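Each of the next two complexes has chain A plus one more chain, namely chain B in the first and chain C in the second.
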Partner chain A sequence: MVDLIAKTPCADLLPIKVEAVTLSEVTPEAITSIMPYEGKWEVASEALKSAHGITLPGPGRSTGKGDIRAIWTGAGQAMVLGARLDAGLAPHAALSDQSDAWALMRLEGAGGEDVLARLTPIDLNPGVFKRGHVARSLLGHMNAVIARVGAEAFEIMVFRSMAGTAVHELEEAMKSVAARAALR
Partner chain B sequence: MRIKCPLCGDRDSREYTYMGHETYLDRPGDEGWSADWDDYLHLRDNPAGVTRDLWYHGAGCTSWLLVERDTVTHDILRVELARDAKRGRG
Partner chain C sequence: MRIEGYGRIDRDTPLNFSFDARNFQGFKGDTLASALLANGVRLMGRSFKYHRPRGVLTAGSEEPNALMEIGQGAARTPNVRATMQEVFAGLEAHSQNRMGPLRHDLLSVNDLLPNFLSAGFYYKTFMWPRAFWEQIYEPVIRRAAGLGSLSGQANPDRYETGFAHCDILVIGSGPTGLMAALTAAEGGADVILAEESAHFGGRLISEAEELDGQPGPDWVAEMLEALHETGRVRLMNRTTVTGAYDGGTYGALERVGLHLPMTPDLPQECFWRIHARQAVLAAGALERPIAFPMNDRPGIMMASAIRSYLHHHGVAAGRKVTLFATNDDAHRTALDLMAAGVEVAGVMDSRTDAQAQGDYPLFAGAQVISTRGRQALREITIRQGGSEQRIETDCLGVSGGWNPTLHLTCHMNGRPVWNEDIAAFVPTEGAVPGLTPAGACNGVYSTSRCLSAGVAAAGAALQAMGAKAPEMEIPEASDSPGKARALWLVEGKGRAWLDFANDVTSKDIKLAAQENFRSVEHMKRYTTQGMAPDQGKNSNIGALALLADATGRAIPETGTTTYRPPFAPVSLAAIGAGGQGKAFAPQRFTTSHEASVARGAPMIEAGLWYRPSYVPRPGEATWREACDREVTMVRTHVGVCDVSTLGKIDIQGPDAAAFLDFVYANMFSTLKVGRVRYGLMLREDGHVMDDGTTARLGETHYVMTTTTAAAGEVMKHLDFVQQCLRPDLNLRTISVTEQWAQFGVVGPRSRELLNTLLDSPIDNDSFPFMACGEVGVAGVAARLFRISFSGEQAYEIAVPARYGDALYRLLVAQAEALGGGAYGMEALNVLRIEKGFITHSEIHGRITAFDIGMDRMISARKMCIGKPAASRAGLQDPMRERLIGLKPVGAVKQLTAGAHLFEEGAAPVAANDLGYVTSVGFSPTMGHFIGLGFLSDGPSRIGDRMKMVDHLRGVETLVEICDPVFHDPEGEKLRG
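Right after this comes the complex of A and B.
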């Protein structure tokens, strides 16, 4: 049996740091998409709460923090990050293991907003896009899930195959923002 | 142009794809060819004013939206999930 070496999506790419902004990889133990069946959203949310202590997030929101979190990722869908889901959820929702399918990055530091604003059309103003808020939108030409996880911290999820492009685009934006700041 | 998605909020047009008139919500029930199918597939008005059509929020929540807009003023008058609109019609 060949012993394959597991690599994370951004293994050879991150972390990078430009001035005050850092981009690093986040590797939750598991990522599972959860899509409650017709009319089962509340039941699935209750089951998730009793099994893992978090509820299903509504549109544009996330729940939980720390080891296990859930983020809303589209109509009738959320992703649970951090733990393998309890099999007891299966009667209420379609579950699929997405652990190796996503590249998850953390963008942190003063000016992180300016970096993201170069790539995504959503309003990142802290009064509008607050901690715990999540948006599915574009990062350059890529579909992405963007979440604010702190006053100066964002998490960005893209398809694993896009990891290289996402890191490249973000690094370019980080450098551009730093270069602009240096001119002031 | 911006459309206010019922789930995602106010978003830029680059996140959306246009499909066509709301006629597409009312697929004829019969399997064979009929005048209804001809209407459904080919016959459209081209109004100067209020029209209702389907948009796909592909770079967002992946919902189909029913958008009421004015082709003259470019105002977006109403947006709802196509799923809800369809259910409302029975």
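Right after this comes the complex of A and C.
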């Protein structure tokens, strides 16, 4: 009997470190898209809470408890990261397994904001984009989900197929920012 | 000449650099212009048209003359303003637009032909004869007239783009800008302070002015400290705000590494998009020249620039300086120079009532009427009353007053307003929403009033944001803007330059008016005034004043030309940095990418995806050999192909079936769970949008596949239908394309191969054609679809993408053991043409279901998108070009896609065009080329011979029209 070998999206690409900033891969237990049916947002949110302890996040926000998190990803849509979803949610919401669809990266360290500012048009000012905030935006020319997960930490999600480009773009920005920092 | 005790340069850090291969020394803090002046170099370039010797005119980004090439080889940058380029160790600068050495430019012969090269000479000269244009005029004149040259090589330097955000953007850091920034920050706003030069402080660095009893530069340093302490101000020096755009967006160019020796990974420049809720424009003003005869010699420069070089760089621009001014302000230059020990030979003030402000020879009511000095100024001739006299001088400072730097306020089509009191244009109110002009750029000229204006503008910006303006103390400063009286032109013998950069003189303006180019916009284009790199910053107002005079109109009536972004030159490398190289387009790789590359497969782009063109084997010399082998391999054994790039959309919900019935032409509510159906999707105009298969995985769960090309378009379409056309239907859609790695296993031995890997084997009865279901492959939950794009018995197996690499390698290895192997896009294409299956080569946007023989798929039992439009008579005309197959029957055995079809005896011209070829390939199965195409009334012409002509490639052959399905028309193989 053969065993298929699993490979993560950034397996051969990460981690990388340029001066103070590191980029590493995050591999949550599972990613599931959840899209409550008509009029079922509240019900689905309640069901999610009783099954997994978190509610559905509002626009531009995330919720979380322990290893499980829900990230808003669009109108009436969220991704739950960190656990396989309870099948009891299915009557309330369309669930799709997206565990392998996304490359999830963590950008951490002083200057991370400057790195992202080379690639995404959103305002990352800590007073504006706080921990728990999420945006669907651009990373270079790629669609991306960007979330602040700490004072100096962001998570970035891009399509799995684009992992190579995303890592390349982030690494180039990390080098630029480091070279600027060295001038000071 | 350096002056001890003056300047903000670091005399402990000497820097060696070269200009035209001569070595010089400057100091840290020097610009190239200041360092050259310090070394006594006054000749810095040649003019655009006449190749006249030119020296530096200004000390800022508006410099029209001192343009140079910086760097060597591929990294060479032309047209760099020496006033902006900071000196660094090893800097290499070269003069440009010359033939031979700068001092003996052979093209200066042009200077003898001013009458030939006057305004409009292009238009007049190139009327005749036509053949001369490409052969003589263009090459010769392009060579003679111009600026620096590009290296012709790809730029190896790093550039970047960036995004910045703030509450209040302050543009300019003179007294106005510094006060505005501090006010804004103390009012609680996050501030970006953008300053074009390397140093903050604006003119305060360039003047001998005191604020609160301390020297200007000291006050600036204190202010910077105060700004830093607020923790709210991002200081961006070397940053030119280049444009004002919609919604509070500003473009800005930052010089990051241009002032340093090559540093690894350091960008040369960064093009910023700054988003600001409010902005304060504190860009100051630009001193304007006076057009007097022979006013362009090296050594003639702006009076304020002389002060800048003295106070900022500790450089005296001459040893024996004269001034020609229309205002009190310029007299400061004389006072400052004398204080520094430089001789001032005379101040010519055009006002008869001018008063001397110090102990220098004042010539009131005097004008400079000529100058001498072949390569640099030696002497001037002045006229005072009725008498003329000559004065020996090596540097003449000129001041015709000041023009507010209001450019950004005009970027949304705001037109400046003429202010007679200061004889200058000032910004029109509210020209750019959220942007408040303040200080000198708003026509306020005294330091004291600028400080107050900065506070007021920032206060207004804070209030617009709903914040409170803080109480600010205004420092004590000079409050005398001085008197002035405008003077635009001094009549006399010789040319009087207006636009130094494009060699436009006062005569050119008059000529334009005389030849009826009376509108300022026409005059500009006829004379090219204001079209050089400085964009008329030194000449626009002077030129339109002369045009007003020549056309008998007032200045405000004549108006200005349109100010457009960018305010200062922006390198394309900076603007395009975010889209260069790999950043141009993301690369999408399938999970099998590495395995394909390892097998030597050339990867071709399919949208953003990369797919193997073919998978060569040893000994195969051409792609055709590989392709033919792969096609035969699939038809006789088994092939494996990655099809993950096709769009996959999860459709779930109680109304999923009704939704699919609405978006597809055919019926999907009747599809049984565990079955797949081919679907055709129409646009609202009745033409085909896309096709693909959709599987019913559960009662309320479908998964739709789209073509690779239209995956995004179909997803968008489904969103639109859900949100706008059928909000009554309760369902949800989401892309799952990236979740699944999906592989086609194709050929008569496909089932045999799969059964070596599936946890429970399948057979033809339990898994017939168009079945689908969940299976286990090596213990992993997978989806299996029995669908075929080749006409063979075929399956597609989908696993979570993490297993894609492993499964692909396994499938290929097993296939090879069975006499098969991997195949690529070329073979995939031939296989589908043999079977008459369409792609977007056929459904290219102008094709209806009727045209491809699928009109009966539009279900009569329901409504769908495109159904009413598709029923229009014109879309069902039998004479429409309809799908057919082709094979060559003439001497030439080749078919080409894009060729057109004609009757055998007809001339191959547009009027006789009856159709065209969309897809071709050599079919190893049939033993000859086959093709698909569209032909008027095609299905009725099967068996006919026609002429195929490819005008582009020069291919012509006879073809036989045939049924589009060449291989296994009964479809026995795919069911077997």
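Throughout what follows, the second predicted complex is superposed on the first by the 180 of 184 C-alpha atoms of A that agree within 3 Å, B and C clash if a C-alpha of one lies under 4 Å from a C-alpha of the other, contacts with A are read in each partner's own complex, and residues count from 1 in each chain.
Definition applied: contacts are C-beta pairs under 8 Å (C-beta built on N, C-alpha and C of every residue); 3 or more make two chains touch, one makes a residue touch a chain.
This structure is a prediction, so every number in the text was calculated from the model and none was measured.
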* chain B versus chain C as contact partner of A:A135, first or second or both or neither -> first
* Looking at the overlay, what does A:P121 touch: chain B (first), chain C (second), both, or neither? -> both
* Using the touch definition from the top, say if A:T55 reaches chain B (first), chain C (second), both or neither. => neither
* Asked: What is the contact status of A:S24 with respect to chain B (first) and chain C (second): first, second, both, or neither?
  -> neither
* Which partner does A:M35 contact after superposing on A: first (chain B), second (chain C), both, neither? -> second
* Asked: On chain A, which partner touches more residues: chain B or chain C?
  -> C
* Structure fact -> Contacts of chain A common to chain B and chain C in the A-superposed view 121-123
* Structure fact -> Interface with chain A, chain C side, in the complex: residues 158, 160-165, 190, 256, 260, 263-267, 273, 275, 578-579, 582-591, 608-609, 650, 652-654, 730-732, 734, 736-741, 757, 777-780, 799-807, 810
* Structure fact -> Counting only contacts in the complex, chain A reaches chain B at residues 59-60, 74-75, 121-123, 135-138, 143
* Asked: Contact residues on chain A for chain C in the complex?
  -> 1-9, 33, 35, 37-38, 76-77, 93-102, 117-125, 127-128, 140-142, 159-166, 168-169, 172-173, 175-176, 178-180, 182-183
* Asked: Considering the complex alone, what residue numbers of chain B touch chain A?
  -> 7-12, 14-15, 58-63, 81
